[in-house]
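Two complexes follow with chain A in common, the first pairing it with chain B and the second with chain C.
Up next is the complex of A and B:
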């Protein structure tokens, strides 16, 4: 029955009524979806904790407040960790690093990846092949392994973590961008810009980029969740920034042995990272649907 | 057309008072539509995009697109009430009782399946009866009916190994495979060349006659149905405004809208220039209380604006919904608009092509083309898709770079790529693309798109904005269009914007590449009118590339006919159309659908052989012809 259905679909697409429609942005359309709203709420709460939390921390990050692994230590809300430090304070202080690193590395990965994808799609031919095959090679390395190698050889510095996480994001972003841009470079407005002799930068940045912004936005959110997870994993494995600095990922690892007696030192950061990832994922999904919905109404 | 000799005692398809609404508000997109079609009869349902014609076509299959609901009415095929069937039976009825031929066979056929498999699948899905050998036999049979070879080798091909015409024949074969009693054809020849189109139309007519199939042929092009249908129903804003036998409809159209539709069709002979119609049809929810056509009608009175006219019977089987049927429409004076005939006088050339050959990755598709466009002259370059005409125009525009020979702009030789040409040259020669849906950046307001040539030329932002506003008004839009986005505009408006962008830098040469082929006839007429007017006022030199031979009469001083990468003949437009020298031109003229001419019926001879010749894409030529 596929043929008739396909035919109906084709007929239905061509028979669409062409009425003036208010120009709605992807963001506005995405905000109309519940998943986006819930996602945004989650993200807002956790970003709020990470950014404003330090202002409300009752103790310092490395301050000794009671016996280690004591869930009921006096003067604490969630007890103490393995060094007798306040869990609640360390939780409030420990979100900033992971969030900042994740956002910065995602932005760098996105910028580089998008640039490579656009150039590959626009030039095609040999340059496209060289760029994309290089991306495939990078793709082939397991991200975590690559990150561990980089951190062990270059040291546990923030910029190393940022760059290596960005580096692992580049091939995926490049591939998505190239895929989306391939359909755009064929379109006549790009030809019109070429006939006018617009610069390549203008064509890539002003003509093509805005038309792949939708998929790119979705990808950005996805990459952010991956970055959070990867930086978290590095921290958990003990390759995060700074020993005994308050950090959600390291907290999970440090307090793991006392999960049954003093669970909050592990559970709080786990919930935080999980909800942040889910929140960002929901926003990505909402944006994705909005992009599909917005672009479906357009004749090719 | 009506004289088929079939005695119409029965009705194959009956539509009664069909009403289809959209959304929660329940605005109607189709209302009060009633039609009947007898077995073997072809009815043309004509209207512009958005008129609801496709919606009616789909309703015959019991289908409403997402968001739309069939609110009331009846669709009866034989004695089966389509709209009352449960979904499971409806699925069986589709394909078996009624089948559908979509506009673009390229997208309706599964590219990953052999055509033989797809045809057999249709039979299996509808319990055609019998076993594999019966199905195989039926496939061979139906292939013969659509004049395609039913050989195993041919059936093993994939859709991309067929030409557009062959693909559409396979689409027809699928539709006819289960011997349905009704078939809905949704502009099935829109993407095809005139010759291929003529052959496909011929096949459709014969199939319907021979097998007693009732056909609903949905189209925006009156000229196409003129050669095919027995009766015509004209739809406007969701309602049928005129309905009658084809001959009557073309000879004595009563509704002003029908008259406009006919006036918009380029005539093959005679002195008639095409006339467009300003404005656009009201969209659902914005339709006036009275006659929906009143805002665009020159004969409209208070009465028209107050209430929608009832159905009036003019003659046997000819009905119209209009208070002022037969009212004259405002037609342009031909002498003032059509190109003057002083075409053979040599003028100094604005654009000269010398021995231009172009190729794609080494395969030459354009051979030694010599052509010149004089100052203030419009030269049409006519050919079917694959003739190389678009490649020529893209080479002139600097968009295609793989060419040899010389192209002169005035006295300067142009570089191959636009990027290698100085700014001043790039601005002197401008290009209008075929498809206004893809030539404007959807993420950028109209004003910015139109201003680009000026910005590239170094004009200050304020001056550019004023120039853009002026230009938008010149192309009959208003200055406030500058802030809108392309998806808020209709196809015709977009093409006006694209023309504004091309003309804003005051170029000497304008290259128009099939600028009307994506548009409805009325809009096409309006765009051609606009171009002709601007060409005269601005003294533009124009290279007008098209596959539509009759269209050139309204705009071109001289016409060059192109096939297989070579120019076959060049001459004054009038001469080329009335006394074509080359065989190819004669054939092209013969295949062009026409109206207002006596030999409506048998213009098409069987000339299937060259259509069947396999068009394997040995050369994947990225021609942009739709």
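Up next is the complex of A and C:
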């Protein structure tokens, strides 16, 4: 559980965050905080590099440009890597994969986790118990360990990595959603929808879901930092997607032996992943404070 | 009586959890994934595939494979390595103890630091130390361990200053504490992963205690603030933090995987990476169960401990 999550959970337990209806208010309040602004700036820069970087890469990702691990290879800005490829080009090309995989797996984990949390909160009783106990079991496993177990024989294919990272996000999302939804299912408008004979999907999706959007938004950002960290760790350990594909985490793994002589091949991707995760984390913290603050009826 | 029943229930839940974990581990490696395909590749000769299936005992029904593996695991015989036929326990040898030592040392260093940081920040709420430590926590909490570890190497071992070694060199049969200087960076990396979480909760718990009546009483008696905070408030503030401390000790069990690989520390994390690379399924399965086991036991101890030190919860048990 993260710092922010712990705070959020404390808020949920004490009943302070039950129903952030004013989404606009949450976003405005979050934007009023410096941490959110710095976070957004970092995210914008790093996502910009990842998405637009490939357009500016002077060389191809696997193009040979000079002797390996040469920090001052002519015609390069940051020298060459293990295989004599241009570090700067590979850095510009290497953000897309990790970002795409992280976003997709976070979205899947969020959707499944939110669905489980909503169903558990709405049905209560036995189903709630079974679902949440199952989530506890999944909790009993370090994420990276699960991912490593999965790639052993299933292979390091993108879908394996995406599904396993999504899977690790599910229990935490389910727990947060259930906690936030418990206060909502008791409210009159849910009873009214039931009396009108609305379908269960309508009640869960249209009545309850919008009222837990605040905590879910915070959680989405937190899960995104964890997904980036997990996919990065896999790449760092040498289990990234695709051999010799330009990828930040894999670059760290390949170029680390030359850290003291040709440092940029390791430093650029380290800084990129560090700033990206910190940026997303700052946004999550800003949103978390706003969600907690708005409901206490004072601007955060 | 209520407590005994709670402990029994909690232990049973732990055992159940481990059974489910074993099913997940087995399914991912041996049922959903195909070890032979992973080892030989997809274009292997059918004859060699059949021979290897036979040799590794993968021709038996899946249920038999699972029950055989589980009985072996429980009776202390987790099978033999795929790569050289040596028993798994022999392959790992001292590495299990090396990893446990790294975890224990990191816990012993990080938990007191986290408690001290949280307490100090609470005692000087909204002052410079409080805001600096909370900003630092926020940044550190978002960074993956491999990033923190490598930044420490850049800063303290190679590019900026060369204070500590970047690699741990422990020869087989050597105890990990022969060269404590080499352990500074691995322990520091794990510490930086633990302190943000524990200190944040400690701070919140401490603030709550400092606002209570008996602390007011102690202050009115004229006790110096230092005595009030460290002697009177601290013992009461630690209880609620226990759970988070346990979660973080359990986190260390997973954290060593990356940290051992950053610093080349000869433990189960390093062994796990090699085993995954070589598709050495029995070793992967055993290490996964070992780490999950540590995870479950630490959480169990924390739950029981929390109940024991919190009278409010103790009386609620029926």
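Note that the second predicted complex is superposed on the first by the 273 of 300 C-alpha atoms of A that agree within 3 Å, B and C clash if a C-alpha of one lies under 4 Å from a C-alpha of the other, contacts with A are read in each partner's own complex, and residues count from 1 in each chain.
Heads up, the rule we're going with is that a residue touches a chain if its C-beta (ideal position, glycine included) is under 8 Å from a C-beta of that chain, and two chains touch if they have at least 3 such contacts.
Since the structure is predicted, the reported quantities are computational estimates derived from the model, not experimental observations.
**Q** Please indicate which partner A:285 is in contact with in the superposed arrangement: first for chain B, second for chain C, both, or neither.
**A** second
**Q** Touching A:201 in the superposition: chain B (first), chain C (second), both, neither?
**A** neither
**Q** Thinking of the overlay built on chain A, is A:210 touched by chain B (first), by chain C (second), by both, or by neither?
**A** Once the two structures are laid over each other on A, A:210 reaches chain B alone.
**Q** Check whether chain B or chain C contacts more residues of chain A in the superposed model.
**A** It is C that touches the greater number of chain A residues.
**Q** Of the partners chain B and chain C, which touch A:148 in the superposed model: first, second, both, neither?
**A** A:148 contacts chain C only, not chain B.
**Q** Looking at A:267, would you say it contacts chain B, chain C, both, or neither? Reply first, second, both or neither.
**A** second
**Q** Could you look at A:191 and tell me whether it touches chain B, chain C, both or neither (first, second, both, neither)?
**A** Only chain B; A:191 stays clear of chain C.
**Q** Using the superposition on chain A as set up above, list the residues of chain A that contact both chain B and chain C.
**A** 1-3, 6-7, 10
**Q** Taking the complex as given, what residues does chain A use to touch chain B?
**A** For chain A paired with chain B, touching residues are 1-4, 6-8, 10-12, 14-21, 23, 187-189, 191-198, 206-207, 210-211, 213, 297-300.
**Q** Where on chain B is chain A touching in the complex?
**A** On the chain B side, the touching residues are 22, 29, 49-50, 53-55, 57-58, 61, 63, 65-66, 91, 94-95, 99-104, 107-110, 118, 121-122, 125, 171, 174, 186-187, 283-286, 397-399, 418-419, 421, 423, 426-427, 430-431, 433-435, 437-444, 449, 452-453, 456, 484-485, 487-491, 498, 501, 624.
**Q** Note which residues of chain A are touching chain C in the complex, please.
**A** 1-3, 6-7, 10, 35, 136-137, 140-146, 148-155, 225, 228-230, 232-233, 236-239, 252, 256, 259-260, 263, 266-267, 270, 273-274, 277-278, 280-282, 285
**Q** In their complex, what parts of chain C are in touch with chain A?
**A** Going through chain C, the ones touching chain A are 16-18, 20-21, 24-25, 28-30, 32-35, 37-38, 137-139, 141-147, 150-151, 153-154, 158-159, 166, 196-197, 200-201, 204, 244, 247, 251, 253-255, 257-258, 261, 272-273, 275-277, 279, 281, 284-285, 288, 291-292, 295-296, 299.
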